[in-house]
Amino acid sequence: MYPEYFKIAGEWTLAADRRMDSSVVIRENGQPDVVENRNLRRGDKVVLGRTERAEEGIYLHSCGFADPDEAGPEDQFVFRQGRSRETAFARDYDRLTELLSYEREHGNIVWVMGPAFAFDAGARDSMAALIDRGYCHGLFAGNALATHDLEGALLHTALGQDIYTQRPVSGGHYNHLDICNRVRRCGSIPEFIKEYGLDNGIMCSCVKNGVPFVLGGSIRDDGPLPEVIADVYRAQDAMRGILRKATTVICLATMLHTIAAGNMTPSYRVLRDGSVRPVYFYAVDADEFVVNKLLDRGSLSATTMVTNVQDFIRILANRLV
Amino acid sequence: MYPEYFKIAGEWTLAADRRMDSSVVIRENGQPDVVENRNLRRGDKVVLGRTERAEEGIYLHSCGFADPDEAGPEDQFVFRQGRSRETAFARDYDRLTELLSYEREHGNIVWVMGPAFAFDAGARDSMAALIDRGYCHGLFAGNALATHDLEGALLHTALGQDIYTQRPVSGGHYNHLDICNRVRRCGSIPEFIKEYGLDNGIMCSCVKNGVPFVLGGSIRDDGPLPEVIADVYRAQDAMRGILRKATTVICLATMLHTIAAGNMTPSYRVLRDGSVRPVYFYAVDADEFVVNKLLDRGSLSATTMVTNVQDFIRILANRLV
Amino acid sequence: MYPEYFKIAGEWTLAADRRMDSSVVIRENGQPDVVENRNLRRGDKVVLGRTERAEEGIYLHSCGFADPDEAGPEDQFVFRQGRSRETAFARDYDRLTELLSYEREHGNIVWVMGPAFAFDAGARDSMAALIDRGYCHGLFAGNALATHDLEGALLHTALGQDIYTQRPVSGGHYNHLDICNRVRRCGSIPEFIKEYGLDNGIMCSCVKNGVPFVLGGSIRDDGPLPEVIADVYRAQDAMRGILRKATTVICLATMLHTIAAGNMTPSYRVLRDGSVRPVYFYAVDADEFVVNKLLDRGSLSATTMVTNVQDFIRILANRLV
Amino acid sequence: MYPEYFKIAGEWTLAADRRMDSSVVIRENGQPDVVENRNLRRGDKVVLGRTERAEEGIYLHSCGFADPDEAGPEDQFVFRQGRSRETAFARDYDRLTELLSYEREHGNIVWVMGPAFAFDAGARDSMAALIDRGYCHGLFAGNALATHDLEGALLHTALGQDIYTQRPVSGGHYNHLDICNRVRRCGSIPEFIKEYGLDNGIMCSCVKNGVPFVLGGSIRDDGPLPEVIADVYRAQDAMRGILRKATTVICLATMLHTIAAGNMTPSYRVLRDGSVRPVYFYAVDADEFVVNKLLDRGSLSATTMVTNVQDFIRILANRLV
C-alpha cells in the first residue's frame, strides 16, 4: 500500500492508489494503473518484477511519510516498543481530533464498524452526532450493525437488551427478527426510517445526511436487510468505491472488516494538483490481538489504539463539537 | 436450537432439526417442518406463537439433555462458575476423546476452522491425521484457511513464513498470491493437488478421503479459490447441507464461523428409529471473549474450551490413533 | 462480604464489616466482631457454623441490595447475559458520576491502581484532577505505580518513554532507577516532591491534598520507594485501615490488587446512626478475564467495566468537574 | 541481562550473572561482581558509565547468542513478525523437549508458576510427573498455587471445585481455608503431606524429590502457608538463590512472577570451565498481552508461547517420559 514508482519510457512515475490487493497494469498511454487482481484481463500488461529497490524499474518508498522527528534513540535497549493497552494514547487522541477537524472540510472520512458497535446508547448517540456534524463521508459495516442500530432506533434494545439499562425485555430475542422483517417489508432502510418516523442512531444519521454506506453480507447473517450485498466480492467492489475517495479510515471493533479495509486502502493519495498526501488508517479494538493482527497482515502504516470503542467514540464526540 | 414440541391435531409432535435461524411450518401432512426464515414462502402455515410453556401449543424443552448428576450444590456462594483459561479441562478432553471414538463409527463429525489454523506444521499434520483416521465427515472454513493450507503443502510456508522454523522466506509475501493463481489455473483444489503431486495437509486429506468441504467467501478474501462460494447466503445453504447430518460440531479459532455454525445447528437430532440424541457442539479459542460471545448469542448448549487450537488438536491427535 | 446476621442471646444481630478474609468472633458484650483470620487469638469465640439460612443461627442476606426493578423477564432464553466489552456501559458511567458526586461529600472513595496507570499523560492528569477536586479519600497501589508517576513528574517519561509523545528518550531505561535512587535519598515521597518542586501527577496530588496512600511491595519491585511496605501482610493491614472507611472502591487495571481489595471489602457499611448502606465496588480493566476473575473469586457484588482505564478516567474527569 | 564486558586494568573481563536488577562492583581483586542495587554498600566501586559500545570501558554483547541462520530476508515487507496465538509453535515444542532432556542431566531447570496452575487434575498430574522424572530443580510460586495444589491433594478440589469433574462441592468455598489451617497446624508443608499421607500433586513431588521451592507472599493471600515469605524483598533474595543456578527458566501463567523472574535472570551463565552458555527463558500464557509485557519490560531474550498452560504441560509431559 506504499507509494510505488515505475520506470516507464525512462520516467519514474508514481502509481496512484497502490493497494495490497492489486497489481499494476501499464496502460497504452504509458500510465501505471492499479487494478485489483481479480479484475485483471487477458492481455493486460502487468508489472511482474518482484524487486523493490529500482533494480528492475520498480521503486517502493515504504517510509515516505515517516516523520524524522519520530525516530527514537539508537540505544541497544529500550523498554516498551510495542503498542498495547498500556501505550500512552493522549497524543493519538489529540492528533486524531486535529486530523478529523481538517478532514471534515478537506478530506474524506470513512468509518468501518463491527457488529456490536450499536449496543450502547451513549456510543450510538456519539457516533450519530459525529455523522450529523459532518465527520463521516462513508460507512462500511455488515448486516448485524445496521440491524442492531435499527432495533435500537425502534425498540431501544439490541438483541433484546435495553441499550441503556442493560435489562433484557420479555421476548426480546424476537426483536432482532422483527426488525429484519419490518425493514424487508418496507423495501429499504430509508423507507423503514420514514415509515416508522425514526429519528436516532447511526443508520438514521447516514440517511438523513446522505452519507453513502455499504453493508457487506456475512455467513452469520439473519435477514438480511435489503441493502446488504450477498456476494462478498461485489461487496468488496462497493467498499472500494467508497474507499477510493477516503483520506482517513477509522475501523472500530471488527477484525474481519478492518483487515478487509486494510487490504484495499493505499497509504497515500495523489490529489488533483499532483501533490501526494498520506491516507490515515486507524484501527481501534479492546484486544491487542486484533490490532496486532492488522499489522501481521501487513497494514504497517496503521495507527492502532487499544480500548473499548464505546469510550473511544464518546471521547471523540466530546471533542469534535 | 432446543427440542421443541408442537400440539398439532391434539398430538404433541417434536420438530426435527430445530435451529436458531428457522421458523416452523406445519405441512399438509400435519408435520412440523423447520424452515430457514429466508426460505419461507407465501402461504406457508408458520407457527407464530411466542410462548414456550405449552400455553399456546408450543413446548420448549430447554434442559432435555441436562445431566442431573451435574447439578451443583445449592450454596448461595460458589467460586468459579464461568469457564475460562482456568477451568479444569481434563475431563472435557476425556469426554471428547470418547465421543469422537464413538462418532467416527456411529455419528457425523463436522469441523469448522478459522483462517489461521494451518499456520503451524504440527497442528496441520495432526488435523490431517485425524481426517485420515476417519474423524472428519465434513469441514467448513473460508478461503484463507484453504489457501494457507495449500501454501503449506506446496511451499511449506503460510503467508511466506515457514510453518515449522517460523522464518520468513525471501519474497514470501507473494506465496499467498501464487497459490491463488495456481489453483485457479488448475480449476479446482483437487486438480491442483493432483497436478502438483501434493501429499500433506488438511485440504489434501479431505480430497483424498472424500470428505465434503464448504468454503464460504468473506469480505477480506484474495483470490478466491475456485470452490469458494461468493454469495454468503448460498454458502449458508451449503453449510446447512453439511450440518444437517452432523452429530458433533467442533469449531476452532473462528468467531465468525463459530457463530454461523451455532445459528444453524440444532442441539438434538431425531434418528431414523425415532430416538432422539444430542448434537454436541464444541468451540475452542484462545480468547474467553470469543467463546463467551457464542454463549451471548444464545448457543447455550455448547462446550467451550479456552486454549490455543494448535495444542488442542495436537492433544486430540495424540489420543485418537 | 454480604450482610450476615447472627442470633446471639435470642437477637439477630448484624455484623458490621463482614468480609471474605475474616471470621466472626462473639465478644464479651455479645457483639459479633469481624476479625481477619490471621488475627484470631487463642480463646476467641469464633462462629463455626457453615450454614447460611438461619438453621444454626447464621443468616446470610446475599441479595440485600438487589434492585427489584433490575430483575429481567423469566424467559427461558435471553441473549447477552454476561458482561463484556460489548455490554452497554452508558448507564454505568451515569450512575458512577452521580455516585461519586454524592460520595465526595457523604462517603469515602478509595482508588486501587495497577502499575501502568501513569503511563499516559492525559490519564495521569485526569486522575490528578479528580484527586484535587476531592474525589479521592484513599489510594492503594504498588511501588511501580508511584515510581512511574514520579518519573513522569520529574522527567515526563515512564520507563524512559515520553508519556505524551510515546518517544523513547536516550538512556531512558535508567530513568526508573534514577527516580528510585533520588526518592530514597530524599527519604520520602513528600520530601522528594518538595525538594524537586514537582507540581503534577497522582502522587503529587495525594501529598498536596493529604490523601492517605498505601504502597504494597511486590516480588517484581525495584527500589523500593521508602513508603513501600515490604511485608505483604502488614501491607494488607495498612490497606484494611484505608478500606475500613471506604464506601466506594474503584480498581483500575490491576488483577492482583483488585482481588486483594475485593477480599477485604464488605458489600455494606453500618453507619453511625445504625442505618446500613451498600459499599460500591468497581473493577475496570481492558480484559474480560481480569474482571471475570474477580467474580470467580467471589466478589459478586462488583460492577465490572471492560475498557482501557485511560479512557475510563478521561471520561470521568470530564464529567466530574 | 546480556553478557557485559568491563575493561579492568587493560583486560576485557566478562561479568558473571549480569542481570536487570543489578549494578556491577569492581572488587579488590579486580573482578566485576554483579550486585543487586538494593545490596550495594557505601564505598563499593560501582561502574557508573552508561555507554555500551566500549567508549568508556563497557561493552554490551546483546546478540551474543543469536543464531545467524535465523536471520530473515532483507525484504522491506514481511507478514507476521510478532508472536501470537497464530505463531507456529511446533518447533518451539521440539526444541524445548530437546533442551529439557539435556538440562535434566547437565543443567538446572526452574519453574515459575501462577496461582491457577493446579486447577486442572490433568495438568497437575503432568507437572508432578515432570518433577518425579527429574525435570525440575527448583520451583517458584506464591501462596495460592501451593494452597490450591494441596487442596487438590487432600480434597480433590481447587477453591471448592472438583479438579476433574468441574463440579462445585457443597460448602467447598471453605476448603481453601481448611487447607490453610491444617497446614499451619502441622507447621510445614512436608509435615502436612506426611501427616495426611498425601501422594499426589506438585508440592508433594517437590517434597518427595527434594526439589527446593520458594513461595513468595502477595497482597491477596489468605493464610499464608508456613513456608511463605512475607517480605517480598526477602522473597526476591530466596528466589535469586534458586535462580543463581538456573540454566533454563519456564514461567507459566503468571505475569507478576514472570516479570519478577525476568528481572533477576541473566541471559547467560559462566560455567566452571570458563565457558559461557545461554540461559533459556520461556514464558507461556494464554494471553498475548502477558507475554508481550515481558518483552516490554526488557526481557528480550525470552521465548514466548501463547497457549493455555494446562495444554502446554500436558504436551511436554507426554514427550518427556
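Labels for the chains are A, B, C and D, by order of writing; each one numbers its residues from 1.
Please note the rule applied: a residue touches a chain if its C-beta (ideal position, glycine included) is under 8 Å from a C-beta of that chain, and two chains touch if they have at least 3 such contacts.
Computed from a predicted model, the values in this text were never measured in an experiment.
Note on connectivity: the fewest chain-to-chain touch steps from chain B to chain C number 1.
The pair with more inter-chain C-beta contacts, choosing from C-D and A-D, is C-D. The interface in A-B, A-D or B-D that matches B-C, meaning over half of the contact pairs are the same by residue number, belongs to A-D. Separating the CA-averaged centres of chain A and chain C is a span of 38 Å. Remark: chain C and chain D have CA centroids separated by 29 Å (rounded to whole angstrom).
With centres taken as mean Cα positions, chain D sits 43 Å from chain A. Among all residues of chain A, those that touch two or more other chains are 75, 77, 79-81, 85-86, 171, 173, 287, 289, 297-298. Taken pairwise by the contact criterion, the protein chains are fully connected, each one touching every other. Within the complex formed with chain D, the chain A residues making contact are 52, 60, 62, 75-77, 79-82, 84-86, 288-289, 292-293, 295-298, 300. Considering their complex, residues 21, 37-38, 50, 171, 173-174, 177, 180, 216-224, 230-236, 239, 255-257, 259-260, 263, 287, 289, 297-298 of chain C touch chain D. Of all residues in chain A, those touching chain C in their complex are 70, 72-73, 75, 77-81, 85-91, 93, 116, 119-123, 158-173, 253, 286-287, 306-308, 310-312, 314-315, 318.
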